[in-house]
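A quick write-up on the structure given underneath.
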Amino acid sequence: MKNIFFKKRNDIKINDILKSLNLRKQKKNIRVYDIKELDKAQKNDISFLHSPKYLGLIKKTNSNLIITNKKFLKSIPKTKKIIEVPNVLLSVSVLTNLFYPESLNENFDSNVGHVKENKFIKLKLGKNVLVGKNVKIGKNCSLGHNTIIEQNVVIGDNCNIGCNVVIKNTIIGNNTNILDGAVIGKKGFGFFPGVKNIRYPHIGAVIIGDNVEIGCNNTIDRGSLSNTIIGDGTFLDNQIHIAHNVKIGKNCIITGQVGFAGSSSIGNNVMIGGQAGISGHLKIGDNVKIGGGSGVVKDIPSNSKVMGYPAKNIRIFLKENKSNV
Amino acid sequence: MKNIFFKKRNDIKINDILKSLNLRKQKKNIRVYDIKELDKAQKNDISFLHSPKYLGLIKKTNSNLIITNKKFLKSIPKTKKIIEVPNVLLSVSVLTNLFYPESLNENFDSNVGHVKENKFIKLKLGKNVLVGKNVKIGKNCSLGHNTIIEQNVVIGDNCNIGCNVVIKNTIIGNNTNILDGAVIGKKGFGFFPGVKNIRYPHIGAVIIGDNVEIGCNNTIDRGSLSNTIIGDGTFLDNQIHIAHNVKIGKNCIITGQVGFAGSSSIGNNVMIGGQAGISGHLKIGDNVKIGGGSGVVKDIPSNSKVMGYPAKNIRIFLKENKSNV
Amino acid sequence: MKNIFFKKRNDIKINDILKSLNLRKQKKNIRVYDIKELDKAQKNDISFLHSPKYLGLIKKTNSNLIITNKKFLKSIPKTKKIIEVPNVLLSVSVLTNLFYPESLNENFDSNVGHVKENKFIKLKLGKNVLVGKNVKIGKNCSLGHNTIIEQNVVIGDNCNIGCNVVIKNTIIGNNTNILDGAVIGKKGFGFFPGVKNIRYPHIGAVIIGDNVEIGCNNTIDRGSLSNTIIGDGTFLDNQIHIAHNVKIGKNCIITGQVGFAGSSSIGNNVMIGGQAGISGHLKIGDNVKIGGGSGVVKDIPSNSKVMGYPAKNIRIFLKENKSNV
């Protein structure tokens, strides 16, 4: 899928990459097309390996050019060309910025303006709505007062967007509602801590499915390299925070004030009670029920019910707390 | 009390009801006035019984027409007419929508507009304020920049509403402050989960008393059939979420990021520490103190102090955790 | 440092103070310059002692005029003049209001207006931005759509302020970003509970350093007598709440939905996981790591790692929960 939100440079060659990383040039200066995760990369894209979690993918990736560190040198098939660096993610960050020069620009869209209702089919428009260039809006939609839709955002049919909403870098399906005060598509909270924190580029989008509801004052950050995804039929209550790269499945019900740390993946038909928190990089299966206030810190298999901080099987939780529940 | 936010049809007869529920017509097609909860219903209103919690009320209700399921058939006094359905709340939802045809319309109010300060007595008006039709505002009030007050909202005397606030379906007393970014009166997060989530109609209001303070970025949802209520003198800090049908008493102090699930009832003079969560359908007594971060999952009697997740008597909590508090 | 946000009366004499507190006048009606905390007060300022926590400071303070209650009478050096009152903080509140007559006025700034980009150096201005009187903005800044900057606010160079932001009573350094929907500088949630809650005056500011990032929909309250402070290089994720008088050090990383109760002090290089809560009046040292969802209820020494509710040493937490983490 083409990145419609961030312009990619199409003139990057291997020596541009090596130069960015302060490495020695090579003789044959071949073109590199894009930077992608292992499972998404094509043969002319550069990809990377930084964690044992992805050792399975390194065998399957189409990419022939892999950035990694000393630790994983031997895990990479000999057919691949390897670029060894001390800090893989920092190098990925540098290269993402090389391919996508605007990826660190997080300013508001200053090219938005007032549009007329008849610019789109049967659009109902509030007062003081600002719409960016090249925004696509399907038929029968409404945009509430003071709402801002930044450039290139795509909204399907029959969507209702509330008041005081900010949407950027987002693609929305049909019949989806986004309620007042939600902020969708800003960059994730990713950076390299240090003497001066270095911001991580975020070229991913937020992809919201059909028949979704996003509650008031929610914040949903866009992905870094991949996308943040909210599946069809999923309903989110108010004041929910969804960090970058989180994938939520279909028909989930997420209650107020729940928070998701970055890169976790949630299955279908998952129900999560109010104020629960899901740590980063976890895998929650299908049909999981997570009790209110739980703190989930490890993977949860499908069809489980958990509760507690840290979250555990709900029967064990109830048994341990039987005098107080 | 008349519903000033949602128009009621006054031509509904029993056979309209039976038809909506796919049930057989009856010969005598009497008029039914409204749909109400057991304790609010008058003799010509339809009401419903779906939980053993309400077995006490079924004996006292004035309603002569009760929707219930097989399980409760025998609990209903023989003087009442019964409509038996498989899923009581789903039928109530269908009928609410029958009586109140706009109850599922959650769009922003497109008839708001700029008003002049002299439309109301000693009103102080920010820039870009939008006020709907038939809004009532008492004397000496202020409405901050970019704030939206939707149709039929009632605001008492000496109220200060901040900036970027959205208020709909709400009645506010005197001397009450609502701070920046609060969203008050949207429909609750109630629906019937299923292949496609069915939205529950919300015809209730938010009723806010005198001398109340509602903090920044709070979200307070309106009730489904009954109202969400915030009592006189109650102060809410920032980022609090109050779900539909919650009743909070007088002179309560609720600290930042607390969340209330639907239909819980909180007494007077209750103090709740930051980030605590109150599950749904609970009864919290008067003068209760709930420690910060607590997860309350059962009723709390008056004059208790609780803390913990799940919340327990605070002395027990402190004893169990004495090395860490 | 002069208070640029609240006008101070310069004509207050000791007998004005005594009269405000319903105490008997004295013969020599000397001038009192200001009301300050013990460590900030100069010799002609009035200060106060209300807690054993500050017994160390009472020996060092420059102030010669101390309000206290019966309990601390003997702890105060004999060189000081003492004003004895039943409720110290209530008296401090009365006197703050005497010195700063607008300290309880929390209305929005009605003197804001549209400005031209060329009023400041290389300013990038969104639509519908409102800027108050005497606001200072450095070079190369941007202010997003619908954002409100109230009177006297100071913003340094290269700062990016997002959309729908409200900033009042705040001083911001250089290279700092404030994201969409943040509300910064409103009064803290401080008051005296009682038959009618009495609001505590808040004449402090919010001081934000250089290279800071404040996330979407954050709420940061200003201080009561002292300031709320966010140190250089500190990054805050979305939906964080920071209460009045909190001091956060340099280069801290605070993840989504964390909450800080009033008057706590956080060291440098502290990392706090999502949804953790920090109780009031605590001292968290440098280089502390606090796990997500933790509830911190006591001081944490430097270089510690804690997790849990209540928070404890992380090794103990992990050991106690080893089957669930």
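Just so it is clear, A, B and C label the chains in written order, and each chain counts residues from 1 on its own.
Definition applied: contacts are C-beta pairs under 8 Å (C-beta built on N, C-alpha and C of every residue); 3 or more make two chains touch, one makes a residue touch a chain.
Just so it is clear, the model here is predicted, and its values are computed rather than measured.
Asks: Determine how many degrees of rotation, between 0 and 180 and to the nearest 5, align the Cα atoms of chain B with the equivalent atoms in chain C.
Replies: Answer in degrees: 120, to the nearest 5.
Asks: Which is it for copies chain A and chain B: same residues on both faces, with over half shared, or different residues?
Replies: Under half shared, hence different.
Asks: Based only on mean CA positions, could you tell me how far chain A sits from chain B in angstrom?
Replies: 34
Asks: Quick one: which residues in chain C touch 2 or more of the other chains?
Replies: As it turns out, chain C has residues touching two or more other chains at 128, 146, 164, 181, 217, 239, 257, 275, 308-309.
Asks: Considering only the defined contacts, which chain C positions touch chain A in the complex?
Replies: So the residues of chain C touching chain A come out as 124, 126-128, 142, 144-146, 160, 162-164, 177, 179-181, 211, 213, 215-217, 233, 235, 237-239, 251, 253, 255-257, 271, 273-275, 292-293, 308-309, 321, 323-325.
Asks: Report the residues of chain C in contact with chain B in the complex, numbered from low to high.
Replies: 106-108, 110, 112-113, 128, 130, 146, 148, 164, 166, 181, 183, 186, 189, 191, 193, 195-197, 217, 219, 221, 239, 241, 243, 257, 259, 261, 275, 277, 279, 295, 297-298, 308-312
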